[in-house]
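We call the chains A, B, C and D, going by the order they appear; numbering starts again at 1 in every chain.
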Amino acid sequence: MAVEHPSYTMAELMVAASAREIADGEVVFVGMRLPLLGFLLAKSTHAADATGIFELGIIRDTATSEPILTMGDLPNLCRARWLSDTADVMALLQQGLVDVGFIGGAQVDRFGNLNTSYIGGCERPETRLPGSGGACDLASLAGRHIIIMTHEKRRFVPRVDYLTSPGYGDGGGWRRRVGLPRGGPAAVITTLGIFRFDRESGEMVLSSLHPGVTVEDVLANTGWELRIAPAVTTTPSPTEAELAVLRRFDPQAFWTGS
Amino acid sequence: MSSSKLYNLADAIERFVPHGCTVAMGTCQESLIPFAAGHEIMRQAKRDLTLVGTISDMLFDQIIGAGCVRTVRASWVGNVITGSCYNFRRAVEGGSLEQEDHSNLTLTMALRAGAMGVPFMPTRTALGSDLFKTNPGLKTIACPFTGDILCAVAAIAPDTAIIHVQRADEYGNAHLWGNLGVTREACLASRHIIITAEEIVSPDVIGSDPNRVITPGFKVSAVAHVPWGGHPSPVPGYYNRDHGAFLDYRNSSKTSADFARWRARWVDTVHGSGDYPALLGEERMASLALRNHVWSEAADYGC
Amino acid sequence: MSSSKLYNLADAIERFVPHGCTVAMGTCQESLIPFAAGHEIMRQAKRDLTLVGTISDMLFDQIIGAGCVRTVRASWVGNVITGSCYNFRRAVEGGSLEQEDHSNLTLTMALRAGAMGVPFMPTRTALGSDLFKTNPGLKTIACPFTGDILCAVAAIAPDTAIIHVQRADEYGNAHLWGNLGVTREACLASRHIIITAEEIVSPDVIGSDPNRVITPGFKVSAVAHVPWGGHPSPVPGYYNRDHGAFLDYRNSSKTSADFARWRARWVDTVHGSGDYPALLGEERMASLALRNHVWSEAADYGC
Amino acid sequence: MAVEHPSYTMAELMVAASAREIADGEVVFVGMRLPLLGFLLAKSTHAADATGIFELGIIRDTATSEPILTMGDLPNLCRARWLSDTADVMALLQQGLVDVGFIGGAQVDRFGNLNTSYIGGCERPETRLPGSGGACDLASLAGRHIIIMTHEKRRFVPRVDYLTSPGYGDGGGWRRRVGLPRGGPAAVITTLGIFRFDRESGEMVLSSLHPGVTVEDVLANTGWELRIAPAVTTTPSPTEAELAVLRRFDPQAFWTGS
């Protein structure tokens, strides 16, 4: 369904959009895969003073000297500011010192709850997914988090089959009620657009459409009656400068191929 | 420090990983994964193991595929660069594998509780999540001081932790550098520790930097010299990550028959510690070698 | 890492140790005690401080003697080689000092709770003791899983941790080696961190060994270059413990008048960072120098 | 009251007695002051394979290359087996991996409870002592602990003014009742003799008299009706070999002077 463009891939658009969610000077909990690249892009463009925290026990505030595919790749350890325990970086997260984190998802619902564990429920699962990793922790404890995923109707469901990583639960006030200290999803970046959340109700709202995508495309691929912002914008295409950085850090297009 | 703890890998696994035991592995998460030790567990066809780890990056899938595992207590089982792993999926979807779902933080705190000798640790994570449904080791509690709702995580104290390190002496004193993950907690929490090491060095080398020692040597049960024992995961100071091996494995484990062929080549042909490097070959090892060296500034421990 | 955090010591204390704040110091316990920073607190006549530490070895007694302290939250206040300290005794016995009695483990866990961002930590220590009478931050609880009786320790999150280290860069990245005590927890738990360092080095020196970094630089508020800033406590790699100074202090603090004379000489005459070494003198510094060097074996962080 | 001997000091006798409480191969939580010397003596004589754990975050299994006065002295760090966090060594202690620890005391009672905090109670103390340090933790969590102190009637009291470090509380079963997982005092080594504890009642029992000391001396300096073992022995004098080691590690007789 995603609309492809000749000058960039959908993954490049999504990574560029995710990088723009990072403000300069912020502390970023960097997840696996696409977010690795989003952080490097942000660092190399508008957020030179962002600090990256990696759940393996790594903090770095410079881009790596060469491309990486995982946060455990040696270039990500070399000249890191701190190599330490997972408990230490989780401490920073749990204290509330992380501004923003990134999560990939397999299934998301109207209130931004994520499932990366069991499709078809946990009793007799149809599909076992890898599980939480640090996603549940980020979704529970970061100041805000950004979800990145493919937009398909089977993935955008009224209620997730299993709640791995908390969004706004069943709506406004839920996070406080269950004891979560802060946070919640700030955006969902998909193959069709960017979605934000209503502050009161905690409900997902279509905010921006990727170039060439229509509201109808989105509605047709979403499993509930989606709310639409009064003024839906168009997601900016990645700039030449952004694409140059992305291609430097992902020269084989491992993450950003079409 | 009286007697040597040097074992060959097979004897170490034979002795300290009995059928039915609980084993923590992959505690540095994506680096220093003890693949060689995991493959020895597969060769010895251990049964009914409980595997404990955060992000296992492919190793747990292999041991599960070999039929050694009854239960997984982990936060993520997959292949970091390709996603889901097939043996794990087959085992869960077929109903033959028990699971306890953790997040990275809850698993870290479960091991830390084990390490500290207390039955639980409080956290603020996972509240409202379904992890409580598939993990009996999570309960909500109220803080006795503030009344805050917290997620209590029950302790995990494995029978054995297996870690891969850069260098160790024969008495169990070892240097590990890079990101530490949950290694310190896993070692302290476990009754036995098996160390596989790229190099065996004299106690003086380890003693020159006691801050870099990963866990007290007196807690270590066995040390085995296993060069390339972390491949294809990266080992700081020794070799880079072999991305190709992770991509290959994805493609070689889609069916049980594929997986059987994969293990016949990469696991079952290995007998001594020199076999695996020979199987890899000089060219591949050279392609993973460090191209730039960054040596740590010295610290003086004199008096 | 954009802007330098270099301060002179007086400005760092002026800015990050306001009257009434809670300060963790002496977190390595008997080594790397930030005496120079403590003396600057005395010179600036800070009021109503809460001091947090395990074993303060003389420094807390000096700051209490200067009238800066309202409350001590500690496990031991004294002089490690001579026992009781006199200013502390006078203040408590005269009723002018509030106290919260900890054991080393309860204080460690209080800071760790602060570090982890949870309101308490469970322990198995101190049960049945009278520490519960003189510390409202201790309560017995039942484990939600096992029913075991445990001692819950309430979190301590200081306003400022002050640590002395061997070397730091101007951005707050610092190498500390030797025994770590509660330094890692205290730094993570505190809102501000002031680092005093024997040497200021380039970021490349610190970056050559990220495992030796004591706490994330982005959490550090100020770095001050203070050679001999840990004297008379030992600083690994730099100087041995000056036992004579601890013996002298015992004899020079028996009365308030004695203490006033002691501080006039050792605290009030110091204005810039060169004054204290000059006061010590070449001969004394030479007598404390390391006689044998033991250099750490290098680790390679290349790729 | 202590009886001094021409060939050795009382402190030397006490340190030698404390060293004999360490069996070879044991893990020892080594306290401040006299116990530092006791550990070095044991390591250098009958317990070459003992491992020493120090609350600052130090583990070592060799004697220091030169004399030390504190566990933070650089010779105690040099060639240590592990330098780490206080939390790490407390973890070993709390798990039950420490066989024996040593504590100095200011006031002890019939059930081996120790006070190192407040003389005269904590409301309006006559004397403020330094506090617990790690003593409460050792007394709570070591497999057993040994108390070392001066024997005076004002220090040997029916009930401590403040219970800093738990002994057997108010008698048999108390430790289990309050939740302590193990342990208790195994011996009190004083300037007059060595005292052990009745397994059932948890009550202190005179076990050994130092050379030249009588039962009457002990009773006169003890604030309650002390129980006396059926066969009281005489504490062995330090041997020449022990004295040679002690004088090597305490050449100025800082700890072992009379």
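We take it that contacts are C-beta pairs under 8 Å (C-beta built on N, C-alpha and C of every residue); 3 or more make two chains touch, one makes a residue touch a chain.
The structure presented is a predicted model; accordingly, all values stated were derived computationally and were not measured.
Colleague: So what's the Cα centroid distance for chain B and chain C, whole Å?
Modeller: Computed from C-alpha means, the inter-chain centre distance equals 36 Å.
Colleague: Distance from the CA centroid of chain A to that of chain D, rounded to the nearest Å?
Modeller: So the centroids are 57 Å from each other.
Colleague: Report, in whole Å, the distance between the mean C-alpha point of chain A and the mean C-alpha point of chain B.
Modeller: 27
Colleague: Which chain B residues reach two or more other chains?
Modeller: 116-118, 123-124, 148, 150, 177-178, 180, 184, 211, 236, 240, 290, 292, 294, 301-303
Colleague: Send over the residues of chain D in touch with two or more other chains.
Modeller: Within chain D, the residues that touch at least two other chains are 73-74, 77-79, 83-84, 87, 90, 93-94, 141, 181.
Colleague: Among line, ring, star, complete and other, which one matches the pattern of chain touches?
Modeller: other
Colleague: Throw together a list of every chain pair that touches.
Modeller: A-B, A-C, B-C, B-D, C-D
Colleague: Please give the residue numbers of chain B that touch chain D in the complex, ascending.
Modeller: 1-2, 115-118, 173, 184, 188, 207, 210-211, 213, 215-219, 301-303
Colleague: Which chain B residues qualify as touching chain A in the complex?
Modeller: Counting only chain B, the residues touching chain A are 28-31, 54-55, 57, 74-78, 80-81, 83-85, 88-89, 92-93, 95, 101-106, 108-109, 112, 123-131, 133-134, 140, 148-151, 177-185, 233-234, 236, 240-241, 243, 290, 292, 294.
Colleague: In their shared complex, at which residues does chain C touch chain B?
Modeller: Against chain B, chain C makes touches at 116-124, 137, 139, 141, 143-146, 148, 150, 152, 154, 166, 175, 177-178, 180, 205-206, 208-209, 211-212, 236-237, 240, 290-303.
Colleague: Would you pull the chain A residues touching chain B in the complex into a rising list?
Modeller: Residue list for chain A touching chain B: 32-33, 54-58, 69-74, 77-79, 83-87, 90, 93-94, 117, 122, 124-137, 140-141, 162-166, 169, 174-175, 178-181, 254.
Colleague: For the complex, give me every residue of chain A touching chain C.
Modeller: Touching chain C: residues 27, 48-49, 51, 59, 61-62, 65-66, 73-75, 77-84, 87-88, 90-97, 141, 181 of chain A.
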